[in-house]
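Same chain, two partners: subunit A is paired with subunit B first, then with subunit C.
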Partner chain A sequence: MKYVSAFFAIAFGLLVLAGYFVPALEPLQALLISWAGILLAVASLIGVFNLITVHGEKIRSREKNSGYSSLLLVSLVLTFLLGLALGPSHPVMQGVVESVILPVEASLMAILSVTLLYAAIRLLRRRVDVMSVIFLLTVLAVLVWSLALPPYGELALFGNTLRPWLTQVLALGGARGILIGVALGALTTGLRVLLAFDRPYGGK
Partner chain B sequence: MPINLDLITGAFAFFFTVLIFSYLLGDNPLFRIGSYIFVGVTAGYVASVAMWQVVYPRLIYPLVYGASTDKLLVFFPLLLAGFLFLKISPRTSHLGSPAMAYVVGVSAAVTVGGAVIGTILPQTWATINLFDMQTSQSWLDVIESAGNGIIILIALVATLSYFHFGARPTADGAPRRFVPIEWLAWLGRIFIAVTLGTLFAGVLLASLTALIERVSSLYLFISSFF
Partner chain C sequence: MVELSVTLLSLILLLALTFLRRKSPPPTLRPIPALIRLYRAIGLSVEDGSRLHVSLGRGGLLSGRGGASLAGLAMLRYLTERTSASDKPPVATAGDPALAVLTQDTLKAGYEAANAEDLYQPTTGRLSGPTPFSFVAGAMPVVRDENVSANVLMGDFGPEIALVTEAAERSDVPTLGGTDDLPAQAVLYAAAQEPLIGEELFAAGAYLGAGPSHAASLTVQDILRWALILFLLGGAALKMLGVI
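Then we have the complex of A and B:
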């Protein structure tokens, strides 16, 4: 089975890759990517089923805090059945999104501000070296230079000159280096998978 | 009496905001209730979206109502989807590997193509174009563009040098990087610190905006009763 798996990964992967360079293969590339999209949707359903199994097992074996698992299962099954019956764009489903998903996501984002401030203060107390000082000075500079004072608006020198220079020249160079570094890493990892040096789908 | 959907949505949003904000007092049952329900609702919603927008229109509908060519075209993904379901049981899990291999192979190819066409080439061209002086209208513009271009180029090379981990053994056996790379990597650390500081400030500003929006929504919901 491991040879079949490696053959599938290499053959279909190389066909999709060839589609980027050979225009005649573009329709085949689109078809293969579309099939992968279907399989990813099926994989997400399997993931949800796995979530149900894990929490169902917790409830069955009466583990500690299994009450929370019951809440999770009830909310999951109710939302799924409602979504299956009405469709995700139905006003009731949109109400579910606006009353649970969006407020919780926004609240978690809001809590992040407190967590980030706390982390910055901890960094200043625990690790004072050149890099952390540069990091925190940059944070302060961007925050303070973004301020618009009510009577004056943005301060001309900081808002129009120094902040853009810091974010669009100094930080841009670093960000570009990080992006290209990440892309080179992704390229190497992808090629290792396509040449079957790495087989994350199973088989050594 | 008609049900006011806005009021119900607002009440639930208020309730869940309070549950999540209780985390500011530390990990507690209220926060856990909110987060477990959130995970359940989100998973249920994602599953229903996957069913309605992908599985039904692209797999089930062509199979039941499609022409014979459509049925032929969905046969292969249907077969792989069946194998993928075998991943659920540990005993049949290995039979699902070809389907996983297909997804991984196609994803790896898309990643390689995306990395080259979507990141490496555009970012390299953007750096080269900084030295294109054709649009500059005065000598001052030329000096400014060239100065900024040189700084960005140095930052780019220094940052990439920081991620270069090739080293040679010294006389005492300890690994050591090539000296110019070592200097460039030190400079790269400064640019990385500035970049991460800018990103951190951006995320902090975005989360402060979310905090203001949530507190404002709590205030508006309470004040709507008075």
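Then we have the complex of A and C:
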């Protein structure tokens, strides 16, 4: 079985890859990707069942904070039933999104900003080295130089010269270097999967 | 044409170097402190009956972010094989449904490779949430409530991953984090105890001895990187000389 799954993964992987280079294979590539899209939709359904199983297990075994799991399952069932009965574009369903999901995500975003500030302060306690100091000084410099001082406005030297040099030369150069490294890493990782050295689809 | 040449060159180099490295001793690599500490955390998790939490992010496999997710899956496979005998099996969270399915499959394959199929529990591979914030909201309780001794965050994340590292910090759980997303890398640098920068995310397998193909892929990356550096310098020199 493991050889069969590896054979199909390699064969279809190579076909999709070849579709980027051989124009004649583009329709086949599009077809295979559309099949993958359908499988992804099925995976979403499996994901919801997985969510129900995990939280159902937490409630059954009375794990710590299992009350939240109950709340999640009740909300999931109610939203699902409402969605089935009214349709996703109904005002009630839109209300659920706008009055529950969006405010909750906005609150998490607000907590995130405080968390990031706290993490930056904690960095000097955790890792006192040259790179950490440069990191924090750069963050502070860009933040301060972006501010307009009330009596003077934005300072010309910082606003027009130093900040663009820091963000558009040093930071951008570094970011491009990191992205090239990430792209090369992603390429070799993809090739390892394509050659079945790594098999995320199972098998020993 | 350039893309095809680079891909074919990488493919041939990867095959050849993997074959050559099959019987040679492991290569000497520059130390990455985060991965040395991860190695220790694996041993600790087996000894003290705690578990590892591996989070693979929300990079869909049909998107350009799939590479980081595949690197995370390779790491999950390695960690599962090493810690499957522990009292508490590793738990993995993902923010993409297809990735969650692959997470379960990878966990199962890891148990099978360690001849411990009976210990596999399907609920250890989880979809924690399908949107960025629901994903972190689902991963935070895992860190807090499930006797986790180390957090391994490897995959595609956004800056919201700081909420997970904060939950780990509050539970006194060390976090190793690597991602392909630049803002999230900056966040992990500040928030995680052990950040992986840039392509270090893809090098983890070679450092943990996951096989000759991982070491070979590091060499391929180095060859391509030097070729790119020479290409960039050559281009700059030709521009300065007015040739192009």
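Keep in mind that, in the parts below, the second predicted complex is superposed on the first by the 195 of 204 C-alpha atoms of A that agree within 3 Å, B and C clash if a C-alpha of one lies under 4 Å from a C-alpha of the other, contacts with A are read in each partner's own complex, and residues count from 1 in each chain.
The definition used in the following text is that a residue touches a chain if its C-beta (ideal position, glycine included) is under 8 Å from a C-beta of that chain, and two chains touch if they have at least 3 such contacts.
It should be emphasised that the depicted structure is a prediction, and the values quoted were computed from it without experimental measurement.
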| item | value |
| --- | --- |
| First, second, both or neither for A:190, with subunit B first and subunit C second | both |
| Which partner reaches more residues of subunit A (counting touched residues only), subunit B or subunit C | B |
| Touching partner for A:76 - first (subunit B), second (subunit C), both, neither | first |
| Subunit B versus subunit C as contact partner of A:116, first or second or both or neither | both |
| Partner chain(s) touched by A:54 [first = subunit B, second = subunit C, both, neither] | second |
| First, second, both or neither for A:137, with subunit B first and subunit C second | first |
| First, second, both or neither for A:102, with subunit B first and subunit C second | first |
| Touched partner set for A:17, first subunit B, second subunit C, both or neither | both |
| Subunit B versus subunit C as contact partner of A:88, first or second or both or neither | first |
| Partner chain(s) touched by A:128 [first = subunit B, second = subunit C, both, neither] | neither |
| Common interface positions of subunit A, toward subunit B and toward subunit C | 17, 20, 33, 36-37, 39-40, 43-46, 48, 50-51, 53, 65, 68, 104, 108-109, 111-112, 116, 120, 135, 175, 177-182, 184, 186-187, 189-191, 193, 199-203 |
| Subunit A-facing residues of subunit C, complex | 3-4, 6-7, 10-11, 14-15, 18, 60-62, 66-68, 70-71, 73-74, 77, 97-98, 100-102, 104-106, 108-109, 112-113, 122-123, 125-127, 130-131, 133, 136-137, 141, 145, 159-160, 162-163, 165-166, 169, 180, 182, 185-187, 189-191, 193, 197-199, 201-203, 205, 211, 213-214, 217, 220-221, 224-225, 228 |
| Subunit A contact footprint on subunit B (complex, rising order) | 5, 8-14, 16-17, 20-21, 23-24, 32-55, 58-59, 73, 76-77, 80-81, 84-85, 87-88, 94-95, 97-120, 123-124, 126-127, 148, 151-160, 162-163, 188-208, 210-211, 213-215, 217 |
| Subunit A - residues contacting subunit C, complex | 17, 20-21, 33, 36-37, 39-40, 43-48, 50-51, 53-54, 57, 63-65, 68, 104-105, 108-109, 111-112, 115-116, 118-120, 122-123, 126, 135, 175, 177-182, 184-193, 195, 197-204 |
| For the subunit A and subunit B complex, residues of the former touching the latter | 1-2, 4-6, 8-17, 20, 31-46, 48-51, 53, 65, 68-69, 71-80, 82-84, 87-88, 91, 93, 95-104, 106-114, 116-117, 120, 130-132, 134-139, 142-143, 146, 166-167, 169-184, 186-187, 189-191, 193-194, 199-203 |
